[in-house]
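As structure tokens, here come the structures.
Each of the next two complexes has chain A plus one more chain, namely chain B in the first and chain C in the second.
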Partner chain A sequence: MQIELRVYTGLEKYTGSRHGELIPVDICGTMTIADIMSLYNIPPAEVTSALVNGRHKELNYCLHDGDRVSLFPPVGGG
Partner chain B sequence: MPKLLRINMSSQEAKFEDVSEKYLPLGGRALTSQLLFDEVPPQCNPLREFNKIVIAPGLLSGTNAPSSGRLSFGGKSPLTCGIKEANAGGICSQKIASLDIKAIVVEGMPKEKGTWIAKVSPSGAELFAANELAGKGTYEVTAILRERFGSKVGVICNGPAGEMMLAGAGIATNDGDGNSSRYAGRGGLGAVLGSKGLKAIVIDSPATFGAPVKHKERFMAAAKKFADILIQHPVTGTGLPQFGTNVLMNVISEAGALPVRNFSNVGRYEHANDVGGESLAAIATARGGKATHACHPGCVIRCSNAYPMPDGKVCSPVEYETAWAFGPNLDIKDLDIIAKLNYICNDAGLDTIEAGVALGVLMESGAIAFGDSQAAIAALSEVAQGTPAGRILGNGAAFTGKAYGVTRVPTVKGQGLPAYDPRSCKGQGVTYATSPMGADHTAGYAVTANILKVGGFVDPTKSEGQVELSRNLQVATAAIDATGLCLFVAFPVLDNPEGLPTIVEMLNAQYDLALTVDDVITLGKNILKTELAFNAGAGLSKADDRLPEFFYTDKLAPHNTVFDVSDAELDSVLER
Partner chain C sequence: MISAKGAGVSSMLSTSQEKRYHRNIHLPGVGAEGQLKLLRASALIVGMGGLGSPAAYYLAAAGIGRLGIADGDQVDLSNLQRQILHFTQDIGRSKVESAREKLTALNPDCSVEMHQCAVTQDNADAIVSQYDLVIDATDNFDSRFVLNKACLAAGKLFVHAAVLSMAGRVMTVLPHKGPCLRCVFREPPAPTAKSTSELGVLGSVPGLVACVQASEAVKYLLGQGELLVGRILVVDCLAMSFETVAVLRDPECPDCGSRFN
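For the complex of A and B:
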């Protein structure tokens, strides 16, 4: 099983990728968003919004094959 | 005692008068809306003698309160035909407040067509004939007036779009570097200024922080505390200074609420990352521009930027809503093109949001193709040239839709929708429908709780909770708009219970008052009541508090949602 991970706005320092770059991540049956973050040592306190297929989820959300996961620190504008 | 300056373009006089008791507790949007309600017949023709422009600094402007240099411009809008408050940063608010001027009112209409400028300084106010400035872009006008009156002056002006009285025309003010790019953009107030023949107002004030403060030590303590509150919140303290407002591009796209190709039925743009804040900051820095920049002195948030373009000019700022309007909305994925379109608007005197939505409608018609950057630049360049096609585009999205036979026109009360699709950001949709301002994203910025998890979380894809969210934000925003504080203070204020009490403490220390937080909420409600009453007098009704039809029928991917907040719910937002 595989998910699509994208990190933005400075979180890419943990993944060593470009912001927004697609990172395919192999997962097993019961992995959560928090588990993916531990793979890259992304501190939970630095992620305000975790979107799965465009919807906000808690970090203990269990992922499914093909999920599009995007992680953001606190951002704002208007 | 503060003064009111009236610039009467019928009698060609600039005169000061005392501020009456009634207006003393008001500032910013509270003052512009009340003065307009009292003095402008709501059914007047917005481009003739009975409309007025009211320019008012906020209650805290000109003090050491951090991020307090915003300026409110009010008038009857030729775009919405209702009341308008448009709000800009730049250096003029603090200068006007430091001259102890509560508001500048531009009224009347010259008998003969002509071009004038006004100058305000410690020694008074004068009106000058200025036919040599007619037809000039805002960058040139600002440079000429800074050369003539000193490099520290503030310049409020319109561009050729306003002189031609096009409804997409905004009013420009300058930053400390002289860029005429801080805009009171929305609602066509640049055309109202043009109808009165006033090309520019020069504000020559030696002081920036000279507004009177009654209890100075108490004020400074509260101002310091408020600065700490702003700096400690991650949005205002880190996110905005690092990446600017265009940091929103990626999160709005990932959330599926980014309007693409004139609000088509997809809410995500495959090239969002190339035109977002991270990319913009990297390019600006690499080219010797700025990724962080203050639009006015004393701002601790510094969310602005300076983007150097290939032709050697600098576009400062490039904001999210503009990057959206000329980017995903037109299927343009190149920040250099976006900045160029932004610069053209600044110079021509156009609201970038209205111009972008109008270009999207033009592309919808097939007259030019989505993604055709050169055609977009050529079409926008025609506005300042005054060609018939340019005049159509410069009159905004609704007018363009009519001219080109387009029915998929994203406007409310005639004003183009900014950068958030209401089908998957439903709280924002409620604000777009019900704000007295028309489709205005700042008037009740529900994106905070819908997508950014600031001030809680309200699921953007469901209709539950959106009415209350929009209502509370519209009230709070109206109150903040009266203070001269940048609306971005709302991020910490929504999350930090000490935020609003500290604003109240600053007001109490400055004016020797005993206001409570409840008084500030009441102020916000009263502003909205006044605006609704004006609009009712102007002939607007509940029927105008709706979104365009296609938002109710066309599902938006990836969430496959439509806007489904009911008419009854919309009517309950501001209790009409």
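For the complex of A and C:
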């Protein structure tokens, strides 16, 4: 199974990808969003929102084949 | 004089207004009628800082007839690197007073109403209900969540933005027609999350992002174009990358989920 991961706004330093670049990630068995973050050593405190197929999900959400995962860090300034 | 259909505060643009708004009027689909719509419209900008300064400036320049500006803070020397409505001689003054002075000098057509306070759950509904739309130029999620909820309740357009370092994002909430802020951002960032005072922010970054907010507001008031509803615009000025990410309404959203039909 494979999912599509995209990260934004500084999380690229963990994945080595470009801003919003599609990262195909092979998954085996049951994997959560937190498991995917662990693969890239992304600290949970650095993700303030995770979307799966455009909808908010908790980090313990179990992923399915073809899911599109987007991770956003805290950005709160004005 | 350019005439336009419809009555209101004014049914015709003055010669001076024709000249001032010439480049608005000549935009496709705007004309004198569109400009008169803007002159009859109102917007609330919450926060007179890095986002609020340029957003208010462009909305006043565009001829939005009534602007509400809300902020309880005073101008500090450290603000001047990005909060472009405030000048060195304004240090120590109320931000709303400083901003109002510049905005009314820029465009006397624009009536600027000051709300010299933080917008909280105690006053949000009363303030938000006075305007056609709300610009989120705050610097914290507690205020954003209060505004999101008040805009949902009042059916007002809410244009969210946030910045940090060299990055920013914009998302427009059209109540009950698309996802709201809490469909995407459920909780405030952890207290350990870095702020602009720690990671910095280049002044032009909130400037760029606020220009997107002002554009969304004007489009909405004119009924033109496609809003950032159901999309987050994510900007990275280091990579100079602009990405839009599709977002859906969440039936479990604590603010708008129960309103699904």
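Assume the second predicted complex is superposed on the first by the 75 of 78 C-alpha atoms of A that agree within 3 Å, B and C clash if a C-alpha of one lies under 4 Å from a C-alpha of the other, contacts with A are read in each partner's own complex, and residues count from 1 in each chain.
Heads up, the rule we're going with is that a residue touches a chain if its C-beta (ideal position, glycine included) is under 8 Å from a C-beta of that chain, and two chains touch if they have at least 3 such contacts.
Being a predicted model, the structure only gives us computed values, none of them experimental.
Undergrad: Quick one: classify A:Gln2 as touching chain B (first), chain C (second), both or neither.
TA: A:Gln2: touches no partner chain.
Undergrad: Let me test your reading of the model: by the given contact rule, A:Gly78 touches which partner, first (chain B), second (chain C), both or neither?
TA: both
Undergrad: Would you check which partner chain A:Ser70 touches, where first means chain B only, second means chain C only, and both and neither mean what they say?
TA: both
Undergrad: Applying the touch criterion given at the start, work out whether A:Ser38 contacts chain B, chain C, both or neither, answering first, second, both or neither.
TA: A:Ser38: touches no partner chain.
Undergrad: Mind sorting out which residues of chain A both chain B and chain C touch, each in its own complex?
TA: Chain A residues touching both partners: 6, 8-10, 19-20, 48-49, 51, 53-56, 70, 72, 74-78.
Undergrad: For the complex, give me every residue of chain C touching chain A.
TA: Per the touch definition, chain C meets chain A at residues 47, 49-52, 136-141, 161-165, 167-169, 183-190, 192-196, 201, 206, 234, 236, 239, 241, 243, 245-248, 250, 252-253.
Undergrad: Spell out the residues on chain B that touch chain A in their complex, using ranges where they run on.
TA: These residues of chain B touch chain A: 233-236, 238-240, 242-248, 250-251, 254-256, 267-268, 272-273, 276-279, 303, 319-320, 424, 441-442, 445, 447-448, 451-454, 457, 459, 461, 487-488, 491, 558-559.
Undergrad: Flag every residue of chain A that touches chain C in the complex, lowest number first.
TA: 6, 8-10, 18-20, 45, 48-49, 51, 53-56, 70, 72, 74-78
Undergrad: Over in the complex, which chain A residues touch chain B? Could you list them?
TA: 6, 8-10, 19-20, 48-49, 51, 53-56, 68, 70, 72-78
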